[in-house]
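The same chain A turns up in both complexes below, where it pairs with chain B and then with chain C.
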Partner chain A sequence: MAKNSSFDKKNPLLQAVASPAGRAFLALLLVLALGLIFNGDGAFFKMGTHRDALRQASVYGLLACGMTLVIVSGGIDLSVGSVLALTAVCSAQMAIHWHWSGWLVVPACLMIGAGCGGVSGLVTARLRVQPFIATLSMMVLARGLAKYTSGGMKVSTAMMNADGTYRYVDVPPLFRWVDNRILGGNVSMVTLIFVAGFAVAWGLMSRHRWGRYLYAIGGNEEASRLSGVPVLAAKTGAYIFSGMFAGVAGLCQAAQEQQGDPEAGAGYELIAIAMVVIGGTSLMGGRGGIGLTLLGVLTIGYLDKILSINAVPEAGRLMLTGVIIVAAVLTQRRSRT
Partner chain B sequence: MSPGGNFTPLVCLSHITKRFGGAAVLQNVQFEVRSGEVHVLAGENGAGKSTLIKILAGVHTDFEGRIEIDGKAVRPQTPLEAKALGVAVIHQELSLVSSMSVADNLFLGRQLTRCGLVQDARQQQEAALWIQRLGLDIDVRKLVEQFPIAVQQLIEIAKALSQNARVIVMDEPTSALNAPEVGRLFALIQSLKVQGCGIVYISHKMEEIERIADRITVLRDGQWIGTAPAGELPMAKLIRWMVGRELNGQSLRHQPPLGEERLRVENFSVFPAGKSKQPAVRNISLSVRAGEILGIGGLQGSGASELFLGLFGGCGSAALGKVRLDGQEIDFASPRQAIATGVALLTNDRKATGLILSLSIAANATLADLRGLSPAGWRRPARERAATEKMAGLLHLRAASLDLEAGALSGGNQQKLALAKWLQIRPKLLLLDEPTRGVDIGAKREIYQLMNEWTAQGIAIMLITSEMPELLMLSDRIIVLHRGAMSAEFSRAQATPEAVLATAMGLNSCQPGAGFQN
Partner chain C sequence: MKTANLPPPTPNTQSVASLGTPNNWMPAVRSVLFVLCATVIFLAGCNQAADRAVPSSPAPQKQFTIGMSQCNLGEPWRVQMNADIQAAAAKHPELKVIFKDAQNDTLQQRAQIEEFVSSKVDLLIVSPKEAQPLTEPVARAMDAGIPVIVLDRRLLGDKYTCFIGADNKKIGKAAGEWIAKALGGKGNVVELMGLQTSTPGQDRHSGFLEGIAGSEIKIIFSADMKWLEPDARQEMESALSRFDKIDLVYAHNDPGAHGAYLATKATGREQQIKFVGIDALPQEGVGYVRQGILDATFQYPTGGAEAVDTALKILQGETPPKEIVLGTRRFDRDNATSGGEIIK
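Right after this comes the complex of A and B.
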């Protein structure tokens, strides 16, 4: 994954640390060392802590995978948080109220995400609207759709009867399956879904022609066009995949909460971007990778968990996270001169 | 008209030598500008004209030699200092902020203020005065972008004058102007002369030089060739001064036996997107045969690069005309189609449009042929590697590792990498735009050799190069473009540097190959 081109072959260790991957890895190690020291009276050494840290990071991680595709191509996708809310609401509606099977709900969620991503992709690639603006519009639009679909209320297992009283229906099997733990309760299903999503994104970026096109477009769009790269299709595809990842994330979110909240996912897009950037992927496009994003996901995920087991209040957690993101990005920048 | 009796020149540059790396681009050059004269600086591309101007304008500061302004030795260290000394350069790309008003542009960086607040009314009054002095009648409160390029240029001149410029350097000022606008500019130049300004005028157009020059200085290959009053330098002599050099290395081209007609183009025009309504390429008809190198001669603005881009599908529907490749009619909507058909375009700026500098050598070399190398969509790194290694070997591309970023390579190796990318698609027709630009002499020879090999394999090559010796040496046939239209065609035997240059400058009188058809 390291695309660093240093001629200094003297110290392999120094060289490894100087590469973006090395730096991202170092940041993760630092955060983990922090956990060893401030271990919250031993909470850090419990299996459950790690399971929860990974579970909590998984939804963000799914968004970050799609975000990496878009950012490497030189764009940005601000709509993922809202698309997450839209699919959360829709999947709750389909699974809880309409009793659809998982074999229908999952493809439906993917299609909703792909639809949203496709629209923002076409608006930026075809109509040449800046990605920031195009996906900002989709962010607002998808949030509106989520509220429209749900009537502005959480779509939950509580159903209103004709006389105004509530009755509760069962949590659908799909949601239970997603919210499950396996391997003796040590790994959350959501984490496995993230790992699967990561594998898909890695395969596309590192092993598929299309991934190479994304790097090329992010590096130099005009040169790519003149080299026969299908710029329009490749760029639109990145947004479609980002939307699909947001769709899966929305389903996971709904399953964990056992409801579809139209307000869910607000601000998640920024966390996802932070994860990508902390990994060392350049916001200018063309450089970086999905492996780096995994490091970024783990770094932010663990940082948040360690702060919370040390009972740092949310206000302090947010402020510290902000500082650490800037610090991480500054060290990344020094790696390229 | 004649330079006044004042013989202390406004500006005098003497013994100017400037090196880039090891190569001297200017050697012991002298140049002076007197008050009230238009001094034309002439020379081929790469003769050192712009380097000299940049030294005067304070852009290049590490040079040997002496600059005197009003008899006093000076050494401007920044463009700002040069401006303060009274030297203003009007570049081809204007330096106005197009989204600001005319008045704001005139006072940009030195606003008239009171207590930190800009005094708009006063600025507008003074700006209007300067604009009137140029004989312009425009509202200075309007935004610069609302005016045509010609007016913007005059605004730029007004800005220079308002900053007390006395030496005004105009670098190809008429490239974007039509005939009446040129007339207006020339009238303005006359009035500037009367006001005592000295004008340095750089142009590739003979008719303009004839019309406007008081004195002419010719540079060639960084050397000062001579300075003479315009009346003593007829066009034929001027061209001889500009070209006059021995052509060596004639033997570097080995022409293979010609094959079938590969490309035929009839009435091809390209209309660039943007404001200019003039086509960049007008009604060009030509043909190239397999194994042939067709050289395209022309100076800046000739439309040669646009012709290539149009043939390559890079202009989409803005390119009109009939094009046949191997007898098949083609109409490329995108470079993608052109590549699939076997047409390759090496662009003239490898950093901006040729390579993806952030990608590895292997990724760059295989980018254009990625469909062929990964037919099922999934990439095959081993195959890409093998292909890259083969190309690197063929082109003598030297790199520590194929995983190195393209941006880390030297200029010559970058150019070879760009060529490798196009060779990888096994082209039938190679469009080479400045294949040896910014490449050292060793790599140049290697590229010449490669062009011989490719034509021997039956590839047809169209070549643009701004270096006259290279054009004459490599081309089996030359067509010359002037302002988007074909002005002459030469066989190898007919082509002389004087004739090619004269037709490229729009002079039709000495056109030996007129009507020559292959």
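Right after this comes the complex of A and C.
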């Protein structure tokens, strides 16, 4: 987490509110207050609403975790939405059509994600292509791969017979397990997967030397190199992890849709970036944290849900979301003194 | 002369030298090589794909070549349209169909129509992406003596041989009428709408309102799910937590109805609610009905088979009607296995 305890030591409460975490928390509280006022005939007070809000934010949240690693290191990963689609298609192919067990599908998804991330990481770190361009290329390439492997069709439980008719196979146990609810139906499994992913990202960033390297590289890459930080490996690693998070997100997406859609995840990368930035992580790199991203994920997730239970028309939703993102980022900017 | 006014040329040694060094040329050479390699590999792949797409048929009688310009094979429904054309054409050995996919790019589709015209196909089937920019290329094909069948989306004016398409308003109305009957004239309905800035989304909504007019059916919750299953699931979750009594979900496409079903199943209320979708693709909506997920789906026909029939008539010298409006088919629990029921 970013620490700026260097100023204003007088009032501990003011200090807490002025910290990036405090500001991000304030934004979340404001959104929740909005939900208390516009509660959709009491729907906001039902347990199920919160479970659904968290379920829905989980796929974005997984992408945002990986995105945080990359953004802190001073880069950006535009490819996550397409990598999600690629792994969604591949996992559906493996689990539904090839009947692979979860013990094979999950590592395979991680490998696919890591492969995509590794390529864009190497292109960025080794070949010195700007991250925006490198991951933009991967975004297009992975989307093409997703369409190629799926033949342009959704990979679903419908399988074509030789004579052109269709037969239907069961939804694989892995998908059922991922799209399950536990603890008396109060928590979605995908939410727990997100929490686990968050814990991994937190451990890497706050409890591991590699996380410190990422901050150092994001702050000043040249200085880090001269101080002996393994820049190439650390930077590539950030993209590999971002790809792996996208791989897990793709599996969750496929499980929830019970099919692999090659068009899935279009525009998700921008939502993930918005979640990271609303939390207070700087797009310039070197400043921010995974805890802040969690607050950003909750803020956008709840905002979506509140607009949805009130049946706000699409045009209004887009305008409101835009205004709230700008407002949240503006409050963050003041903390950079 | 202008050059006379210029200062005497001073040799810029630095730039000349750097231009000459291999180091500065290498990136350019490398990228050119890279692009060349990529293009060769890509084209090789394309050729294979093209070979596979063209049906091989013996030529016992007079051969006709039909060019089919598809605007976007990224959509499953359009993949089905091509498959329908291919299947219908396979029954007529004298027909050979060449497929081209414009990948959702208007200018590419225009170029492909022009390619078909210059290769002098006997007939052109066009499923246009947009009306305005493609009207003129089609008119020029007509001028060159090639009859044109326009599929699904309309062009401006009337310079084409025949238009074949479905009517979303009619389909929405058929769905509305069936829903009114299925609910006994009253009930609470959730409507999950397709992108409301698109004509199909608007027509499936207004047709539905026409269909349920006069009944006591209330639309208690409506949301724009933009044709997307994840969005439909999310909106349905909101509807479920807000309303305790929902009788039916009407979604503007089958993935939307499927997403709503999954959201409902998670709450255990799927037995109390009926689900109705539109499109009825064999691997999607019809499958959902047969699996007991949807109660009914209404077909948005591709017109592929009708296009081939009409093409044959034109090639044999008949004059087809200027416009063929396709009917819909309802697939419900009783008739999904037997091919649905035609609704005029």
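Basically, the second predicted complex is superposed on the first by the 334 of 337 C-alpha atoms of A that agree within 3 Å, B and C clash if a C-alpha of one lies under 4 Å from a C-alpha of the other, contacts with A are read in each partner's own complex, and residues count from 1 in each chain.
Throughout what follows, contacts are C-beta pairs under 8 Å (C-beta built on N, C-alpha and C of every residue); 3 or more make two chains touch, one makes a residue touch a chain.
Remember, it's a predicted structure, so these values are computed and weren't measured experimentally.
S.K.: May I ask you to decide whether A:K154 touches chain B, chain C, both, or neither, giving the answer as first, second, both or neither?
M.R.: Touch partner of A:K154: chain C, not chain B.
S.K.: Look at A:A311 in the shared chain and tell me whether it touches chain B only, chain C only, both, or neither; answer first, second, both or neither.
M.R.: Second partner only.
S.K.: Looking at the overlay, what does A:T49 touch: chain B (first), chain C (second), both, or neither?
M.R.: A:T49 sits against chain C, while chain B stays out of touch.
S.K.: Please indicate which partner A:S224 is in contact with in the superposed arrangement: first for chain B, second for chain C, both, or neither.
M.R.: In the superposition, A:S224 contacts chain B only.
S.K.: Considering only the touch criterion stated at the top, classify A:L14 as touching first (chain B), second (chain C), both, or neither.
M.R.: neither
S.K.: As a test of reading the superposition: which chain, chain B or chain C, is in touch with more residues of chain A?
M.R.: Of chain B and chain C, more residues of chain A lie in contact with C.
S.K.: Considering only touches as defined above, state whether A:Y213 meets chain B (first), chain C (second), both or neither.
M.R.: first
S.K.: Using the touch definition from the top, say if A:G286 reaches chain B (first), chain C (second), both or neither.
M.R.: first
S.K.: Would you pull the chain C residues touching chain A in the complex into a rising list?
M.R.: 73-74, 76, 79, 87, 196, 221-224, 226, 229-230, 233-235, 237-238, 240-242, 258-259, 262-263, 266-267, 282-284, 286-287, 290-291
S.K.: Hey, which residues of chain B end up touching chain A in the complex?
M.R.: Against chain A, chain B makes touches at 312, 314, 334-336, 338-340, 345, 347, 352-360, 363, 367-368, 370-371, 374, 377-379, 400, 403-405, 408, 421.
S.K.: Within the complex, which stretch of chain A touches chain C?
M.R.: Within the complex, chain A touches chain C at residues 40-41, 43, 46, 48-49, 52, 56, 147, 152-154, 156-158, 160, 164-166, 168, 179, 181, 185, 253, 256-258, 261-264, 304-305, 308-309, 311, 313-314.
S.K.: In the complex of these two chains, what residues of chain A are touching chain B?
M.R.: Touch residues, chain A against chain B: 3, 5, 7, 207-213, 215-216, 218-220, 222-230, 286-287.
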